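Please find one structure pasted underneath; my questions will follow.
Chain naming follows the written order as A, B, C and D, and within any one chain the residues start at number 1.
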């Protein structure tokens, strides 16, 4: 599974992109986020307030309950500010 | 008094602009139009349906009851179609 | 700013000039009206735009002033051509610049809607069957009227 | 058409290209977004636009498709830049061409409103006090939401 971080989520985690093998039991975005928060440090800080976090799975906007698997690309980022 | 005609009012009257001394009794745009219609021919044809005629006095939109005098510029034209 | 002219205009250059050196501008909305040619029996070869010199400038300036009164614009431009124009030719440019995009977009729509019913221009179309004066459209009156209601 | 690029663009040339040889077009509406510099303590020196390559193109293409579904557009263009930009620099161009001006004007407003909340771009501003990520604005969500309600 590929996980991408943008804007201040990238700054806080210190990672732009990582490939990880999600542990058994991680079947949704919510599960993945709990897994990442458990790493503590920048991850816990970046993900502490999910109202400020937006999610895309395979480059489409998604919600916390979206099912994900090993082949998916999951992106975590703040609300967008383009235009 | 200067009277101007635009678009098909000009085509019908055959006149773009004329200077006339309004006869006594012509004190409003309506009075002027009656005076012009009485000339018959192209004037009567151009002014027969006033729902298709717009009026400006001194380059401001005006209504039939607008008071006019010798020094005024009166324009008669169809609804505008610019832009 | 108001320009009434026979000559064509350069949209890119006009928009660049609007924003130049004013870093308070966050967005420029614009509308360019073109001579349209409807294919078929009603096909238009060209048209001639007649106007009322003097009143035209007055009405466009009033329209601009009203837009500036209603929205916080940094600047505002109306260019309207007259004379003979062919299909694809530019007729009119309205452009509005503001710190905020909604003000620019709304003021731009307002300017073109008002101009359509208040600026003394008349179109004479050339068709295969001869020339004809374009009739005013009720939809233009309705479009202008919504800015009064608001 | 969608373009996501680091380079600047030429608004006049882009608009000309949109209308070229299509005489069914009666009007082109456009919006250009610029880097704004608010004077004072919050003064912005420059900003860097980060985006999500791949998803950006996908979301812009979806936004264009939705505009074409809702309005009778002859053509439609979105250009969005990324990378470091300075005050006065162009960020985005949206342009819509239609036979009728209301369709062009409404679709243009729709495109920029949707893009503001759906295209994955993030602004990092440089100020005297350091860099800061620009926060999303509730007004942008409201502007996008009105196109759902309609």
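Just so we're on the same page, contacts are C-beta pairs under 8 Å (C-beta built on N, C-alpha and C of every residue); 3 or more make two chains touch, one makes a residue touch a chain.
For clarity, every value in this text was computed on a predicted model and none was experimentally measured.
J.: Suppose chain C is absent; how do the other chains partition by contact?
T.: Taking chain C away leaves these connected sets: A, D | B.
J.: Enter the minimum step count from chain A to chain C; a value of 1 means the two chains touch.
T.: 2
J.: Chain B to chain D: how many Å between their CA centres?
T.: The answer is 48 Å.
J.: Provide the C-alpha centroid distance between chain C and chain D, rounded to the nearest whole angstrom.
T.: Comparing mean C-alpha positions, chain D is 23 Å from chain C.
J.: Please work out the Cα centroid separation of chain A and chain D, and write it as a whole number of Å.
T.: Chain centroid spacing, chain A to chain D, equals 26 Å.
J.: List the centre-to-centre spacing of chain A and chain B in whole Å, with centres computed as mean CA coordinates.
T.: Measuring from centre to centre gives 73 Å for this pair.
J.: If I count partner chains per residue in chain C, which residues reach a count of at least 2?
T.: Counting only residues that touch two or more other chains, chain C contributes 33, 101, 112.
J.: What are the residues of chain B that contact at least two other chains?
T.: Where chain B meets two or more other chains at a single residue, that happens at 83.
J.: Chain A touches which residues of chain D in the complex?
T.: 33, 49-52, 54-55, 58, 80, 91-92, 112, 115-124, 133-137, 140
J.: Across the complex, what residues on chain B touch chain C?
T.: Within the complex, chain B contacts chain C at residues 4, 6-8, 11, 56, 59-61, 75, 77-83.
J.: In their complex, what parts of chain C are in touch with chain D?
T.: For this pair, the touching residues of chain C are 10-13, 15-16, 19-21, 23-39, 87-88, 99, 101-102, 104-105, 108-109, 112, 143.
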